[in-house]
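There are structures below to look over.
Both of the next two complexes hold subunit A, though its partner changes from subunit B to subunit C.
So, the complex of A and B:
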């Protein structure tokens, strides 16, 4: 069915807003990323001088290391978010409407409204002021001052953001799976765990992939979490971009990093989305 | 005979919502185009009686509150007004914004410091500070006046301050008299090492001086830093004042290099010792700089210079710097007692223990310093 004229009319405002505040700035970002920067100045070069230098510099080890770190921690946080969020989503979806379900949903939604900054400082101070927590970490061979500890704290911070979002996304997917299918499997002799894993999880795979992609994009773009919990010794690409925009005022280099980060994210999303084809649900 | 049908179809509802949305979007677009809806605080905004609403930027609290209080007398006396805004980040972010909007910036006065005066002057932004327009400048010792090659004074210096190494008395058991002591295993995770771009790389300059270099030759400094990073003694790399204060006051770290204002804040909670005198280590010095008001060229420059003159009034200069824990610049102002341990009393002490880096050079090298940190030091942390 082709969209009617009124549908295009309804889409026009959002199209204008997206075009003006999303596509045009992206195009400007791309344009800026190929410009030359004079160290020690605050403005772009008075004449536009095309250069590949901002991108060629990113091929070297410093940037690829930070890109890998960002990617690695994002994948870990997304996978853990799924692993912890799915059981919670299953619990919410399968309970009949009662106070437990309402309380859990309310708690998850409240987590989304609670200030991220407050939570992050809470996490940081919890690790600082609880010797027992530090002792546990050091007992497993992770020195508290090490970058590994900072990575653990960053993943903890990312989970605070990803778990509510992933869980709320998955509740709908689990609800769409008819619980009678699980019961049928158990009647035929399957254990409860096996019936959940082989029936419900498989049939909600699209929700799992959507949840993972959502968590992954949020994690890759995270700025405040590594800024506060990274303790300056673990940085995401977003922090490098901020540094170049605000401290060094090298807009072309910052723009180039932003473009690369965006492309990496899009490639990852495309790859995962391609993998999730209808055969998964057979 | 049936009831009158008052129900709506889904299509009718959607059309109605769409029409309302279009109306709302068009209305707000029209409102945004209306000149009368523009920011009344924009620089150069003339009021009906010829009074001018100046706009100034400074760093966040306590500088913001101190600037507002220091401007009060001028505001009460003059028909003009001043609106102080906190900078959205380091000084460089404000300057980038000015560069983007020049020659029509939305700010008249910018709180800045030695690292940026030369760069701002090179961009042609600054109105010259002359004794005719800023009479109180005559009471400021010449060594505090930032000048360009032509001898023009570039800013109205409000404060003398600086940065140095120091530590929390209750959290450090070792004797800290040399930067080599930073490698002591007892300090594992206890050092708060500023990010490479903080204070225009002064911390790295201090380490370079210790290792036999200076701001023009940072290689010895980076070699020592690599050793320090490998030692595991660096517990945090702060890039904001809030991070530094939180790290020191929470006990996460105990030793750092930071500006006097930050140390003053930590000292208000815990005893601290500044290691900026009485040592033979060439790196353990007081790295001094002035903070000043730069006035941007424009129609409001004279009025802004008149306001800046008030900041040099002896009593206002004292009160402003008391709030910040920084040194006065007016020779007739009562010295701020709290800064006695940061600054130097005699010219001999100043000569022996103070160091004033080549800030213009540091500013031009900041990008290279940052890249070296990301490449050589960060992977070792």
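So, the complex of A and C:
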């Protein structure tokens, strides 16, 4: 149905809000990223001098070091999230509608809704108030104050975010694989675990890949988790941006980093879109 | 060249291949044997239990330590029960001010994003225009940008445009975050409604507004309510955007909590966190009662 002229009014509120608080900010960000930073200027610059310096400085340390950390920890958290989430998703998907299914789904959705601050605080507090945990960690040779420990804590925090999301996504995926196919494999003599792996997992591979990419995108963009659990010795790119905003007041540099982070995120998301698109499988 | 009849075996296997699994005894089945299955089941169950315990453990610690009777953070579980930390939270003007701001901003964001988002979803559901995919992509694009970047960008914009009121800045920033969720939620709610209902109402003499109010709105209720709740949750939970847009006098509760957390892991935060957890729990139970969690997730094509 073609819209009448007045029907376009329905789109106006969204358009206004997005235009003002989304498009203009992003444009300003891009614009600022090419400005030369005048040290000592607080808030906005009054002069403008085009330069590539903000970007070229990103090609070496320390940015590359933190970019690598962000990437590495995001990959680990996403892969682990998949490995831990798939069995849970399989259980929920194959379960008849009963209280177990409702309870598990409710738990996962509650975890999604639950403030990340509560979970973060819980993880930090757990490490502070349970000496047993510290003993375990130090037994494998990681001193508690080290940055490796911070990395472990960050991955723990990221897992709390990735596992619920990945699991809920995978439930949909596994549900769409016909359970009869597994039964058919078992009738032909395959064991239960082999039939699950070779049939259901194989057929839900698209869900697995897009789950991984979704978790990866979320992890790369993580801000609060590395802020608290990184304890200052591990930073994600998003934390670098915030530092350039609040501590080392250098808006052009922060803007340049934001643009780079944004582009990486978009690449990952387009990868998700390609994978989810049916035309991907010929 | 053709094999003599006597060489063709009627057994289930030829001489050079191994026989099919179903004809072997369990001990011969190797990876398909019963013991392999038992191990796999243990691994499966174990992983699930570990995962659930892992997800639940921090909540248990927070709830447990929030009623600690000691004066400082020590080992878990606490020896005595005390509500001192909850009292400390209520008595603390720093947190209460943050809570007040969060609720005001959250309510405003919920109202604005639900109205704007529902309108946009109605348009997208009913009409087709050239470039509709582009419009949809545009509306969902805030999903794609990390919140930090959105926060920084909105800060630059409001500073440049001279918008100094911190409430306006916070509401604007959070609405951007929440709106795509509302649109998607309402759209999926609307997609199940046949356009014939609205047309029937119009044929019977209702005008557009009544057709919407009495026919479309009740049918789309679950999508709209879910979207509204999502937008509230997003606004209440956001840290990244609020850190950029708050100032020394007006700040949200998450900002207050995070700032305090960077200094010390005070148990007052535990009390605040427990309150937030309980509120979330009630929210999800309410969602289950009203809408049914299965509808939120779906049952798939082969659901039982």
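The criterion applied here is as follows: the second predicted complex is superposed on the first by the 240 of 282 C-alpha atoms of A that agree within 3 Å, B and C clash if a C-alpha of one lies under 4 Å from a C-alpha of the other, contacts with A are read in each partner's own complex, and residues count from 1 in each chain.
Throughout what follows, a contact is a pair of C-beta atoms (placed from the backbone, for glycine too) under 8 Å apart; a residue touches a chain by one contact, two chains touch by 3 or more.
A quick note: this is a predicted structure, and the numbers were derived from the prediction, not measured.
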Subunit A as common anchor, with subunit B and subunit C clashing or fitting: clash
Which superposed partner A:10 touches (first subunit B, second subunit C, both, neither): both
Partner chain(s) touched by A:18 [first = subunit B, second = subunit C, both, neither]: second
First, second, both or neither for A:65, with subunit B first and subunit C second: first
First, second, both or neither for A:145, with subunit B first and subunit C second: first
First, second, both or neither for A:250, with subunit B first and subunit C second: first
More subunit A residues in contact - subunit B or subunit C: C
Subunit B versus subunit C as contact partner of A:129, first or second or both or neither: both
Partner chain(s) touched by A:194 [first = subunit B, second = subunit C, both, neither]: second
114-122, 168-176, 240-248 or 366-374: stretch of subunit B that collides with subunit C: 240-248
Subunit C-contacting residues of subunit A that also contact subunit B: 9-10, 13, 17, 43, 121, 125, 128-129, 227, 245, 251
Subunit B residues touching subunit A - in the complex, by the definition given at the top: 14-15, 17-18, 21-22, 25, 89-90, 92-93, 95-96, 98-100, 102, 119, 122-123, 188-190, 195, 197, 232-239, 243, 246, 250-252, 363-368, 370-371, 374-375, 378-379, 381
Touching residues on subunit C, where the partner in the complex is subunit A: 20-22, 24, 29, 31-34, 36-37, 40-41, 44, 47-48, 50-52, 54-59, 61-62, 65, 73-76, 112, 115-117, 119-120, 122-123, 126-129, 135, 138-139, 141-142, 144-150, 152-157, 159-160, 172-173, 175-176, 179, 183, 233, 236-237, 239-240, 243-244, 254, 257-258, 261-262, 265, 269-270, 273, 276-277, 280-281, 283-285, 287-288, 293-294, 296-304
Interfacial residue positions of subunit A with respect to subunit C in the complex: 1-3, 7-11, 13-14, 17-18, 20-22, 24-26, 28-29, 32, 43-44, 83-85, 87-88, 90-91, 93, 96-97, 102, 105-107, 109-111, 113-126, 128-131, 159-160, 163-164, 168, 171-172, 174-179, 188-194, 220-221, 223-224, 227-228, 238, 241-242, 245, 251, 254-255, 258, 261-262, 265-266, 269
Subunit B-touching residues of subunit A, taken from the complex the two chains share: 6, 9-10, 12-13, 16-17, 39-43, 60-62, 65-66, 121, 125, 128-129, 143-147, 227, 231-233, 235, 240, 243, 245-251
